[in-house]
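Look for subunit A in each of the two complexes below; its partner is subunit B in the first and subunit C in the second.
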Partner chain A sequence: MAITSIKNLKEFSTNNDRFEGAHTLCPGCAHSMIVRELMNCTDDNLVISANTGCLEVSTAVYPFTSWDTSWIHIGFENAATAVTGSEVMHKVRKKKGTLKDNDAPVKFVAFGGDGSTFDIGFQWLSGAMERGHDFTYICLDNENYANTGGQRSSATPIGATTSTAQAGTHSYGKKEKKKDIVSIMAAHGSPYVAQLSPNKWKMMAKGFQKALETEGPCFINTVSPCCTEWKFDPKDTIAITDLATDSLIFPMYEIIDGHELNILYRPKNILKVEDYLGAQGRYKHLFKPEYKHIIEKIQSDIDADWARLQRREEARV
Partner chain B sequence: MAVKYDLNEREVWDGNFAASQALRQAQVDVVVAYPITPSTPIVENYGSYVANGYIDGEFVMVESEHAAMSGCIGASASGGRVSTATSSQGFALMAEVLYQASGMRLPIVLNVVNRALASPLNVRGDHADMYLGRDSGWIQMGAFNAQEAYDLALCAFKIAENHDVRLPVMVHQDGFITSHTAQNVYPLTDEAAYNFVGDIVPVDDMLDFSRPVTYGAQTEEDWHFEHKAKQHKALMDSRPIIDEVYAEFEKLTGRKYNRVESYDMEDAEVVIVGLGTTVETARVAAKELREEKGIKAGVVAIRCFRPFPFDQVRDALEGAKAVAVTDRSSPGGAMGAFYNEVAAALYTTESRPLVTNFIYGLGGRDFSIEEAKRIFIEQKAHADAGHITTDIQQFSGLRGPHLGYFQTKRG
Partner chain C sequence: MQDLKLKANENRGLHQLEAGFDLLGWDEVTQGSVLPSFEGDATGIAGLKAEERDYSHHNSYTATVASWRVKKPVFNIDVCIDCQNCWVWCPDSSILSRDKQMLGIDYDHCKGCEVCVEVCPTNPKSLLMFSEQEDLETALSQWPEKKKKEKK
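For the complex of A and B:
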């Protein structure tokens, strides 16, 4: 595979781009940073699919398209199936010699938001992972149905307020913990799964490249802060991801072949989760005295998860 | 190269086997499928042809019918020949993606083995699934026996992949009655069949990176209407191309297909209009009634349900006095949908025959020659009286008290 090596952010911002800058994503949305990074980390041909969601509605509104490569969107749930249908056809046509360029390397990548990945498209994703297609699925995890105005998904963390899990006089917002999608995908026996964040952009590019190089179904969950629904200033997107990775509410790690876990980033100074929660409007209500115990619970969950990740890294099982 | 498959000039195949042989001879590149009774053997057979080298293709078993059609869309947009099969609940689960396939103008061929829709759960044949597809933007063709299931599947690829059509095509056959009944089938040789279908020439190929394509864009009130109108026009414009393909097939095989099939219609006064295997039953009844009672009975069958042959069905029925339109799908609080379409066509004639509606055969309830005769005899009574003498809509073959609705204001 032809790997593009990007030395610095200046180069990253100016290099050849198959994802056009002209799109209608919100200013400050991390989706475009993550997508650009994927598309710039390889020179191979790309077939991209997208589930319905913010990315899709903002990049392919007729008669415009932001995609200077093959791109398909079918529905909310089936990007994994669409791109793996293409992967299978590629295999057949390569064998038969009916491709326009039979030798050019091609990579197959599906994008989905957390709503389509954790919820409505879960079955389609699981099926495609189980079938062992050679593709990479990237979840742009902004922890809510942002495209439809901020409803809870099973990726929404406990304590966040959303339009369908509202904080109010009798509620602290969402009551349930976030679904552990990375472990579920690793349990499929995937050769490579990871959780990555755009503030550590070199690490992210490396993870993407690893997924593209690895034969078989790979899965990457990426944190994609949503200034509109998380309620922060659009200029602070990367600062929010710094707080996410350094408070360990969003740890960066990879799991190879379902068992070999490597922690990719260990913050020098681990921040308290209050610093992360306090930077976003969606957690504002938690700072009332009556919800102190929720913040404590979030912190203790993070501590337990971090301990678990470290033990798994040591155990290699 | 695919391994040679030995065929006899005459084979004994059921409808499912016949359809799967057409898939093999068309050398379908990719089948993405999920099993459901009674269509399962079509894709099972394709899988066995791949497993034994009779096809240089890929068989992908997915986790649902929705995923099956989703995978077909991804594969078809990637420039190769694609087909699958389904029935009933599986068809219903696919419904969302059927619209996506036609909206993206992808030439997928879907073999639909007609089966009732639950609830109550039922695996037998009626046309509820076929009706569910009628606004989906697909071409829908009906086979009445195993030979036709084979012939029309071959025609379907040629129609779908024609660059002036570029629409997905469903080939329907009746669950069990056709799909599981072994009959004589005269196949083409592999070479003749493949030459007839031809190589697929992809349009907007996702695997041609010299010309990137975007599939499945969004359009709102500014463009959506124009796109849907274009799709409707493509369906309407496919009519002469379907006729051409049928004509070419006739040259090759001597078997002639028409978008509307007429039987004993030269002098027919009373007519049954039907879909699927019902047509063959009605033909036998018409023939017998002519001999037994001298009733001038005929049958009109719709081969091509979509695009609906409004003008041809009108022309076929114009001389009739009384017409019974038969719907094998629960009408759900209306006249049968097929009745409405035929009646609308007949409303544009000078003669305006008397048109009644029979709901029959739901969930695989047998439709007998006797039942068809009763319907013809009733039509004769209407014709003699000059007006409809019964309820306009009746349930036929139903146990318990008579069920019927609405009376005529003529006569």
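For the complex of A and C:
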């Protein structure tokens, strides 16, 4: 396949965007940063599908489309199903020789929000992973159902306020821990699974290219800050991802063949999670004295998860 | 260079996205409708620059969201080092880079989020926010001097 050069940003910038402007995502939304980067990682033809969510509804405002590739608009839970169906059809037609250009390389990619990936489309994603199709699934994880007004999902972390798990006099927001989707996907025996972040553009591009090049079902979780529901100034989208990766609340790592775990980024100065939480309105209430113990819990969870990741990296089991 | 405008086709910037065109009612939209992004064959699109493509009027490239902006980023080419930070992180495909050079901003698609200004590493910055009404010359004449590093 023809992957593009990611040696440095200058070379990467010679790619011609296949994701167009005048979509209706909020100013500063990270969804489009991630999608643009994926599409600039290869020159191959792309067949893309999207679960319903901000990305889907904002890039296909009838009668417009922002996609310069084949793109399928499908139901909330069906991106993995639709794109793997296309993949099978392509395989069969290639065998029969009934394609317009039988040798043109094609890659199959599905995008889903965390709501559709962790919760409502989980069964369909799991099925597609188990069937072993050759495709890449990318979750745009903004830790809530943003498109319908910011409801809690199983990707929402402890302590965040959402419209269905609201902080108030008797509540500090969501009480349950975020689901470990990366491990669940690795447990499907996927050849390539990773968690990546747009602030480290090269690491993210490298992971995308690895997933596109690897035969079989690959899964990537990306942190996608949502200025509207996380409540921060749109200009700070990348600064927020810096805080996320450097406080290790969003560690970047990959898991190959379900067991070979490699940590991709070790911050030189590990930041306190308070710096990350304090930059977002959705955690504002945690800074009241009565919720000090929640911040301490979030920090001790991060420390434990980071230690666990390092042990898994060493053990390779 | 500063006024560079890469017009891909005549439709560019013609449609207010909110208004659409030939709008159909919700009950008139055909099931399973297909929107072609280009006129004719789309083979090899990745190899063509925007100005070389034949966009169809369904492509959002031909629409504009300029009315979303309250402030706009202004580009000062004299300070720019072509690092392409703004290009990689612009969420609205609005940084016009060609042959490794940053050439300007696509004001039909820029929403004024200010991300490009934040990630620009030069001193002074090569991108700064100005009022939507400010003209280029006035904006450039107000460009700040190089900031000295604060002593710690």
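Everything below uses one rule, namely that the second predicted complex is superposed on the first by the 307 of 317 C-alpha atoms of A that agree within 3 Å, B and C clash if a C-alpha of one lies under 4 Å from a C-alpha of the other, contacts with A are read in each partner's own complex, and residues count from 1 in each chain.
Heads up, the rule we're going with is that a contact is a pair of C-beta atoms (placed from the backbone, for glycine too) under 8 Å apart; a residue touches a chain by one contact, two chains touch by 3 or more.
Everything quoted here is computed from the prediction, not taken from an experiment.
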| item | value |
| --- | --- |
| Combined model on subunit A: subunit C and subunit B, fit or clash | clash |
| Partner chain(s) touched by A:Gly75 [first = subunit B, second = subunit C, both, neither] | first |
| Partner chain(s) touched by A:Phe287 [first = subunit B, second = subunit C, both, neither] | neither |
| Which superposed partner A:Gly85 touches (first subunit B, second subunit C, both, neither) | first |
| First (subunit B), second (subunit C), both or neither touched by A:Ala22 | second |
| Subunit B versus subunit C as contact partner of A:Pro63, first or second or both or neither | both |
| Contacts of A:Asp101 with subunit B and subunit C, given as first, second, both or neither | both |
| Segment of subunit C that clashes with subunit B, given the candidates 1-9, 19-27, 55-63 or 127-135 | 19-27 |
| Subunit B/subunit C common contact set on subunit A | 60-63, 65, 67-69, 101, 104 |
| Complex interface listing, subunit C residues touching subunit A | 15, 17, 20-24, 29, 33, 35, 37-38, 42-43, 45-50, 53, 58-65, 68, 82-85, 87-94, 97, 99-100, 106, 108-115, 117-119 |
| Complex interface listing, subunit B residues touching subunit A | 29-30, 32, 56-58, 60, 62-64, 66-67, 70-80, 82, 96-97, 100, 205-210, 212-220, 223, 227 |
| Residues of subunit A touching subunit B in the complex | 45, 47, 49, 56-57, 60-63, 65, 67-75, 77-78, 81-86, 88-93, 95-96, 98-101, 104, 106, 123-124, 126-127, 130-131 |
| Partner subunit C, residues of subunit A touching it in the complex | 9-25, 27-33, 36-37, 42-44, 59-69, 101, 104, 198, 201, 233-239 |
